[in-house]
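Input: a single structure, listed below in structure tokens.
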Amino acid sequence: MTQYADNITAEIVAEHGITEDEYQIILDRLGRAPNMVELGIFSVMWSEHCSYKSSRAHLGKFPVTGEKVIQGPGENAGVIDIGDGQAAIFKMESHNHPSYIEPYQGAATGVGGILRDVFTMGARPVALMNALRFGAPDHEKTTHLVSGVVAGIGGYGNCVGVPTVGGETNFHEGYNGNILVNAMAVGLADTDKIFYARGAEPGQPIVYVGSKTGRDGIHGATMASAEFDDESEEKRPTVQVGDPFVEKKLIEACLELMATDAIAAIQDMGAAGLTSSSVEMADKGGVGIKLNMDAVPQREVNMTTYEMMLSESQERMLVIMKPGREDVAKAIFEKWELDVAVIGETTDSGRMVLEHKGEIVCDIPIAPLADDAPKYHRPYFAPEVRAQISGKDVAQPLHMGEVLKTLMGSPNMASKAWIYRQYDRHVMADTAASSEDPSDAALVRVHGTNKALAITTDCTPRYCSADPFEGGKQAVAEAWRNITATGADPIAITDCLNFGNPEREEIMGQFVGCVEGMAMACKALDFPVVSGNVSLYNETNGQAIPPTPAVGAVGLLPDMDKRMGYGCLSDGHILLVVGKTVGAMGASLYLKEIEGREDGGAPMVDLAAEKANGDFVRGQIRAGRLTACHDLSDGGLMCAAADMALASGTGIKLAHEAETDVPMHGFLFGEDQARYLVAAKKDDAIALIQDAKAEDIPLQVVGLAGGTSVSVNGAHAVKIDDLRAVHEGWMPALMTPIAEGAE
Amino acid sequence: MKSAVIVFPGSNCDRDAHDAIARVTGENPAMVWHQETELPDGTEFVMIPGGFSYGDYLRCGAMASRSSIMPAVIAHAATGAPVLGVCNGFQILTESGLLPGSLMRNAGLTFVCERTPLSVTNGNTRFTSRYQAETDLIIPIAHHDGNYFADADTLDRMDGEGQVVFRYGQNPNGSARDIAGIVNEQGNVLGMMPHPERAIDAKHGGTDGLALFESLLGSA
Amino acid sequence: MKAKIHVYLKPGVLDPQGAAVAGALRNMGYDEVEDARQGKLIELDLTGENADTAKSRVDEMCQKLLSNPVIESYSIEIA
Amino acid sequence: MKAKIHVYLKPGVLDPQGAAVAGALRNMGYDEVEDARQGKLIELDLTGENADTAKSRVDEMCQKLLSNPVIESYSIEIA
């Protein structure tokens, strides 16, 4: 007979997302039945969101160390060394479910949360990125979700004054019922001023700072891990509201406090707020915790301990201070008009003890909450490998220029200016390249230096659906390539692994495949994973999203004067492709947009070629040989050429050699990996060709810059102006009809 | 030139303003917290930076313009000394009555960030003497409420007196008469939505904002 | 006909604007201000004569566009 | 005591939000919407007992902070 405390039933336990087996573990660890507060605490700590119970077994496959890694996964964000005593701190996180329910606040609080992960560690946030996936453009909810999410991201990031410098946006019917909102934040700190969640010792005061606690988002963490059904709109009141004004003050106040030496450990209150922040610091420091709930700043009357511990009110932090230094925090937070209160202390009991209105309302050991959290080895199977498709298997179109126009005006290729115009990209005055600029990665100067961080987010869900393993490799490789194409050295990545229900074997198979592919690419490219986030159960009524392991990557450009972009093409420049072209068409943009099919295998990623070609390109950039460089990805060579032509206002005459066995459409639109389109003046091109030969790098002359059209073999011409019209026109046409009055 | 940058809770271009001034004048400006009641002794130039003071809640600039430092800024302006408000700073200047009119929600209702073509319509102010009149500039904007409004008489009077200093090439926000920046009647208080402090370096948004700070330095 | 719609935040939903306004008023010396909330007021000019029809149509508009049921409630007055 | 303050744009001041709301409602098929205006409703919780004093203090708050006389008017209700 299972044991229950007063007022608790099997149903209540189930509502907390705790399985019967998990409940038995709780009984075992406590030696008694948990009360409501304790049950709530276990439920959030053991939710998928906080415990990674389905994914942990596989995340260990990622390489997480390296010469430049200061802190890998396990803290609030990853930390890498960028030289001169400075570090870049970054992480990406999902806010998928909340954004579907309330797009503005869901996206806004997603930005707020990821910023806190970064400034908690002592970094001043310097850049934001966002990776968005929406349903089909003509789905009834899409435009409403797009406008809300974009306004929310902008509303928050613009107000806190951190530039949103780039991102990616896909539309696919697979996201109709579950959009993805992944936000990434990057910050800068001095290597000797980094703050951790670990480091607490017994007898230290616990200080609460930021906004007051309300009843927001109670059970948000468990909701974020639950599958949707048609009734989920009913769950709406749990969505929390963000206050970017308070966040901005919190950033300044925390950085001011961090400039003192008063902090022992610090942690933002994210999902599961007060519970997870206090448990994580206690667990990492190996201490116990005692909180006086009466001292918690409260926004509403009569809040219970259960509510306070589970609340997800935003813009709050928990600081464990060195004894006697509470006044330092008080003075700073009062100056910034933020709440500040000593709410407890660390102990040597190894337990979490909560006292409210004179009664002990919770007394549980801390270790099981964190370490003994369930960890599942969920069964899975790998999807069947699909056959490769090459140009020869696909009918040749009549007019390549018309195909190009269709692709450049298609949802995934069309300009996203409608989105990024709503983001302040220039605040902090260090943005050297952002969404609007012809650069494969955003470039953000390290303030006061001539160095820049190169930042990109990438993932091609089409490939991951076709082949999780190759798709996982490709996501990492494309990010590495995008950083390389700017002339920067790729350093490390963060990720956001978005998948369906892991209790389904084929979904778990996608997850494992993607993770293993990513891990392999990270090892081959010396590109370790330093932080990340997993978002599972992205499915509605049994319909899962396409597997979407978003990668956010950071590199370093040592000398801004040697940066490379793809907007400086002029008449007479010679165009060349670095890397081998065989014309892989499986799961390509061409197949989807022109043939209306999504079948075929994903393009194979030859990681050795990826590394060799990338290192070659970077070397040529630094040698000053190139005038333009663009990685080849969606839509292949001709789309990359169109990007260059649009950005430069100069046409391109492409040449396809008839005698090769790659047909013209495979040559133009195939999505073979490890390739770059580069441009060089004639003399430099000759030297480039010689170097490539010497280093055994595949290199092919593919065209010449000039004129006002993009053409192939003197035919198939399409005017740059016509390309611009379709490219820039698609998204405004989609969004204009819904002028929403309400913010 | 001794300068001061006023910092409100929610200001977020204060560092950018500081760096632009330091670069052009060679002297670090004082960063003055909104709760102060006096400017540092000898302050010549005051800049109110952009951002979202008080979150832009209620009305942009409304709460900041009632801060305790503002009487000192108003008194400073009354002596004829130069005061520049950029973006949220412009909103604070109109809210505090130092400049006429008001900045309303953009006509397109969305936040707009872009590098905007501007023309200098009065090159004879102390803020613009280093620009040629009618020169075209590219300076970034980034705002939600930059739609300048004033009644027709005020607009006519400002046009007549040369108080309109910058106009947009392509009106991004619905501003009356394409107004991007104005000075007061005395010509010592300038408010503008575009961000000159984000256009002082060829690697970051160009250098078209430099001449504004150089003009100020030249006129001091 | 005119409809006045008052859109306000549901109780318990954080109201950052209201909190900032209350703080600013107290800073200005209005110590009697304990709390502030900010809502929207939307006025519509409507054709048609029937107040009941108008009210039910406006109710629909509120549900579909004018309010965000996740965080807001509304009330309608027809005059 | 509670004060309800209604802040609205003066006639003649263009109201982009109101215009957009009217346009959106008509796009959704509500052809009866001739025009829309958007204003603010601010509710204050006040200490004190005297409604007249409260009203004159709130009037001051409106003039000093809550409304912008260049573009806005206001009305006050004490309850």
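Note that the chains are named A, B, C and D in the order they appear, and that numbering of residues resets to 1 at the start of each chain.
Everything below uses one rule, namely that a contact is a pair of C-beta atoms (placed from the backbone, for glycine too) under 8 Å apart; a residue touches a chain by one contact, two chains touch by 3 or more.
Please read these numbers as outputs of a predicted model, since none were measured by experiment.
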| item | value |
| --- | --- |
| Chain whose Cα centroid lies at the greatest distance from that of subunit A | D |
| Interface with more contacting C-beta pairs, comparing B-C to A-B | A-B |
| Subunit B and subunit C: spacing of chain centres that average the CA atoms, whole Å | 33 |
| Intercentroid distance (Cα basis), subunit D paired with subunit C, Å | 10 |
| Centre-to-centre distance between subunit B and subunit A (centres being mean Cα positions), rounded to whole Å | 36 |
| Cα-centroid distance, subunit B relative to subunit D, in whole angstrom | 28 |
| In subunit A, residues with contacts to at least two other chains | 243, 245-246, 337, 739-742 |
| Touching two or more other chains - residue numbers and ranges from subunit D | 17-18, 20-21, 24, 36, 38, 40, 64-66 |
| Overlap residues in subunit B, where contacts from two or more other chains coincide | 54-55, 57-58, 63, 66, 109 |
| For the subunit C and subunit D complex, residues of the former touching the latter | 6, 8, 18, 21-22, 24-25, 28, 30, 32-48, 54, 57, 61, 64-66 |
| Contact footprint of subunit B on subunit D as seen in their complex | 12-14, 16-17, 20, 40, 64-66, 68, 70-71 |
| Subunit B residues within the subunit D interface of the complex | 58-59, 62-63, 66, 94-95, 100-102, 104-107, 109, 147, 149-151, 174 |
| List of subunit C residues in touch with subunit B within their complex | 16-17, 20-21, 24, 27-28, 38 |
| Residue numbers on subunit B that touch subunit C, as the complex places them | 54-55, 57-58, 63, 66-67 |
